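Both complexes shown next keep chain A, but they swap its partner, so chain B is in the first and chain C is in the second.
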Partner chain A sequence: MAIHTNLYLLVFLPLVMLIYQLVPRNKRWGVLLSASYVLYFSFSRFLVLLLMATSAFTWKIALWMDDLGAQSAQKQKECADRKQKSEVKKDFQKKRVKVLRLGVLVLLGILFYVNYYNFVAQNVNVFLGALGAKLPMARVLFPMGISFYTLEAVGYMADVYWERYPAEKHLGKVALFLSFFPQIMEGPIARFPDTAEALFSGAPIQMANINEGLLRILWGLSKKMVVSDRLTLLTNLIFGNYKNYHGSFIIMAAITYTIQLYMEFSGSIDIVIGSGKIFGVTIPENFNQPFSAQSAAEFWRRWHMSLGNWFKNYVFYPMTVSPMVKNWSKKARKKYGKYWSMVGTSAMALFPVWVATGVWHGAGWKYLFYGMYYFVILLLGVALEPLKEKRNKKLGIDPNASWFKTLRILKTWVIIFTGELFFNAKTLTAGFEMFFSIFGNFHISSIWKYWPDDLLTTGDVYAIVGGCIIVWIVGFLKEHGWDARKKILESATPARWSILFTLVFALLLFGAYGTGYQPVDLIYAGF
Partner chain B sequence: MQQKTKNILKIILFCSIFLVLLLIFSLMMKPQKWFDEKLIQNRDARYVQMTEQPENTIDVLNIGDSLATCTFSPVDLWRQQGYTGFNIGADGLRMAESYYYILNACKNQKPKVLLIESLYLFRYSLGEDTQMLLSQPIYYRVPFLKYHNIWKALVEMPGVMIYHRGYTINDHVWSYDGPDNYLDLELEDKSQRMTFSWLNRMWFNRIKKFCDERGIKIIVYSTVSPINYNRKRIEAAEEFAREEGVDYIDLNQRIDEVGIDWTRDTNDAGDHMNYHGCMKVTAYLGEYLKEHTDLVDHRGDEAYRDWDEELVAFDQLVKDMDRISFADIYRQKKKYMKELKKREKESKKRK
Partner chain C sequence: MEQLLEILQDIDDSVDYETETKLIDDHILDSFGIITLIGEIEETFDIEVDAAEMTPENFNSAKAMWSMIQRLQEN
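This part shows the complex of A and B:
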């Protein structure tokens, strides 16, 4: 029961709302937790036990670290001098690190086993084969959302370790934070203080929140059903049979896949945020008009923001301030100068982030390549910055001029489309074949000559283009400070209802659903 | 009034307005009145055209997925036996959908036989089929949702799929060159199901109950298709039919009796029948119906004259197909539709 299905939207969500409102306030968190496990059971069956175990384990590890911290404070009080205090502190700090390592290793170990074991075994077997040995392949069931809730759990444990906030004593609160039903499939990856308090508070459902939540859900559904689900047919056809298509089709597939992915992923996040809002929970945003970005780095600050923030907080910053990087930076500055020290430090901090970002998306060389692709582009961005400044000065280019911004946006689009081409290709080899076919086998006329009009008719194309234009206008206005959603919610009831009815009926009329359309699975639910 | 009560009233009012609007739009959503029948394509086409058939004139309904719709030609059944039939299936049909297709078909008709091609009985996905439990009854009762795609007819070229009582002629040949003993082999697609889900059984029982109440005889058959059938599947279908107390015919074990020529009769290397294969299967099914039912030959009956007219148009199109292949028609649809329209105008002028 995915969150975009009628079963979720027409039955599950209203039922949870009803039960939530009917039970006493102090038990409402229990309703949300039970609903989360029911939903999880509906697609991962008994792997819900793994989610429960992960929650209990995370809760225990955090408490253990907290307990060690308290013991350390107590022991320090009992110490006679500073030196002794410092030794006690160090001693307990070591113990806390060990506990954190245990927690992180167990959770990442499960994630590794589920996601990557077979991939690693397959590749290792290529070498072992020569020696006559072989790693056995595992029959692994994929627990839905494991990549999302594992990162949340690791983030929570790390924050407790860094004493950003104390460990939560109530197991239910940690369990609900990790498994809240709208978020479990596709994120966003939240931090404990973002949602836990609101989830646990059992605040009554407010009319204003219902309005806001439903409007957000409607908007998300429209993106998915009007645009994304239609484009899926086209992208699947071309990516699945790329050898039969000219380069012009490949370029189109890269563009349409990017649009499909954005509409689908951001649309489902809208449904997630809207669902959360109904219960008074503000789930963090995951997208911020990513196609307005003027560089790849900015794109990643606007696209899948919760993943980017997670890697920034738990990989990038710790790497930057790690003794290894700091020492290297110091030495490099003396030996090679400020510029190369800066480039080298950036490389050392960015490399693990982008390896992790790549493989987080799945097991496969193409995902690793995807991560490395952005690593190289972002590093080039850092390395070429002084040159760019020089060029702008020399040619008298105003970096804030509209034409220059537009050019930068277009350049970023090319980077994004190319990245998504590799991301969605069946394999890395297929990705390269598709990429090179753009240069060697490009026939623009083949688009209208061989357009698969049995899959996407003229009407479908109109719906896609119309949907994209509306989403773009709404995004553009928001970028310039005019939030359409806010304006609708602030308007008088008759006007608001008129807009809502128009949206609902437009969705019912132009949505790709019903007989003849296969429901399209959520892409990020597979990661 | 308390805020809480106000809010509840607001929700009730909102939902009521929504339902009223949905009702109004549904009443307006009569595709056959809005559009030329030719503009309505794919699934909606058969569904709409079925409701347009003159009252109580259809003897045989044929249902199933694409395997069913390309294997049974009602016009050929008329030519051979004088029985009237209609294809009400659809590509990738699901059991839940099929139940409502049958309900729709029987609104104005009292068919005596329901032919069910067995392949779609195997098709199942827990997620999708569970959803259909909720969505299909709604689509059936709310025409606005059922026909929501009909707006596309406004912006698109008239379709080229010309339906003859639910059958579209396809003369494309892609021969099957696989082994003759395909029944003894595993299916190429290993993920294909060999059993029937409880949900599909439930829908079948609903169909059976509906048919029993109306005296409609159900005949389950497995059409010729090396890609989709092997012995395991056929035995499963046979056992299913026995358990449900309905007739079952397997054509895969009667290749010679049906007269299938693998070099000529299949459209896509043994998956679906083309028109040549369809004629043969229809002929076989026609003979079966003659022997096992008491259907009446309507040929010569003035009330069924439109069937003779349709037969002439159908044969003309088959001749056209020799000139322009199906694939070409599809590619050159603009040109072909213009030609058809011109021909229609001329024929109207002549009349």
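This part shows the complex of A and C:
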């Protein structure tokens, strides 16, 4: 029961709302938790037990660290002098870090086993084969959403370790934070203070929240059904049979896949955020007009923001201030100067972030390449910054001029489309073949000549282009401080309902239905 | 505080650090700016900034950074 299906939208969600509203306030969190486990069971059957065990384990590890912290404070009070206090503090800190390591290793170990064991075994066997040995392949079941809830759990444990907030005593609250049903399939990856309190409070459902949630859900469904589901057929055809297509088709496929992915993923996140809103829960945003970005670094601050923030908070910054990196950085400052020290430190902090971002998406060399692709681009962005400033000064370029910003946006698009080409290619080799075919076999006229009419009619193209233009206008206006959604919600009731009905009719009229169309699975739910 | 403002001006001189309170939230100071900043303040003020301190609250304004520096100097 995925969140874009009729079963979820027309049966499950209204039923949960009804039961939630009927039970006493202090038991409502139980309704949300039960609903989350029911939805999870519908996908992953008894792997729901793994989700429950992960929740209990996370809860216990955090409490354990808190308990050690309290013991440390107590012992420090009993100390006679500062030196003794500091020793006690250090001792307990060592114990706390061991507990944190245990927690992180167990959770990441499970994630690694589920996602990468077979991939690693396959690659190791290439070498072991020469020695006549072989690692056995495992029949691994994939627990839905494990990549998302594992990061949430690790983030929670790390925050408790750093004493950013105390460990939660109520197991149910931690369990609900990790498994809230709209979020479990595709995120966004929240931090405990983002959602836990609101999830647990049992606040009554309000009409204003229903309006806001419904509008957001309809908007997301429209993006997915009008644009993304239509484009799926085309991108699947070209990516699946890329050897039969000319270079211009490959460029088109890279662009259409990027649009498809954005409309699908951001549309699903709209449904997630809308569902949360109905229960008064504000789930963090995951997209912020990513195609307005003027650099790859800015793109990643606007695209899948919750993943980027997670890696920034729990990998990039801890790496930056780790003793190893700091020692190197200090030495490098003296030996090579500030610039090279900064570039080197950035490389050391960025590298693990992008290896992890790549492999987080799945097991395969193409994902690792995708991570390394952005690592190189982002690092070049940092390293070339002084040169760019010099160039702008020399040529008298105003970096705020519209033409310059537009050029930078277009350059960023090329980076994004190329990245997505490799990301969606069947294998890394296929990705390279597709990429190089662009240069060797480019005829723009072949798009008209070989257009697959049976897949996308002129009407479909109009629906896609129209949908993209509307999404672009709404994004553009938001970027300039005019939030269409907010304006609709603030408008008088008749106007608001007219717009809601228009969206429903637009969905019924322009959504991709009929023979040949399949409601397309959520792309990120597979990661 | 003067020294801190000088360090910040060196990183980006187009920002009014005395009034800006959303340096991190509004991405005025990006991750790479933070790397430079950490190196500079650790050396200038003889402190160790560890991972627990890496929160937006500590870096959103010059004032917040200054309180963190003073706190770390006392420890």
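The rule is short, and it goes like this: the second predicted complex is superposed on the first by the 524 of 527 C-alpha atoms of A that agree within 3 Å, B and C clash if a C-alpha of one lies under 4 Å from a C-alpha of the other, contacts with A are read in each partner's own complex, and residues count from 1 in each chain.
We take it that a residue touches a chain if its C-beta (ideal position, glycine included) is under 8 Å from a C-beta of that chain, and two chains touch if they have at least 3 such contacts.
Quantities reported herein were computed from a predicted structural model and do not represent experimental measurements.
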Quick one: classify A:349 as touching chain B (first), chain C (second), both or neither.
second
Quick one: is A:313 in contact with chain B, with chain C, with both, or with neither? Answer first, second, both or neither.
second
Which chain, chain B or chain C, ends up touching more residues of chain A in the combined arrangement?
B
Report for A:458: first if it touches chain B alone, second if chain C alone, otherwise both or neither.
first
Which partner does A:229 contact after superposing on A: first (chain B), second (chain C), both, neither?
neither
Touch test for A:10: chain B only (first), chain C only (second), both, or neither?
first
After the superposition on A, what does A:326 contact: first (chain B), second (chain C), both or neither?
second
Quick check on the superposed pair: does A:341 touch chain B, chain C, both, or neither? Answer first, second, both or neither.
second
Where does A:163 make contact in the superposed view: on chain B (first), on chain C (second), on both, or on neither?
second
Quick one: in the complex, what on chain C touches chain A?
27, 30-32, 34-36, 38-39, 42-43, 49-55
In their complex, what parts of chain A are in touch with chain B?
1-2, 5-7, 10-11, 43, 207, 210, 454, 457-460, 462, 493, 497, 500-501, 504-505, 508-511, 513-516, 518-519
Spell out the part of chain B that touches chain A in their complex, as residue ranges.
7, 10-11, 14, 17-18, 21, 25, 42-44, 90-92, 97, 127-128, 130-131, 134-135, 139, 144-146, 148-149, 151-157, 330
Spell out the residues on chain A that touch chain C in their complex, using ranges where they run on.
162-164, 297, 301, 312-313, 316-318, 320-322, 326, 329-330, 333, 338, 341-342, 345-346, 349, 382
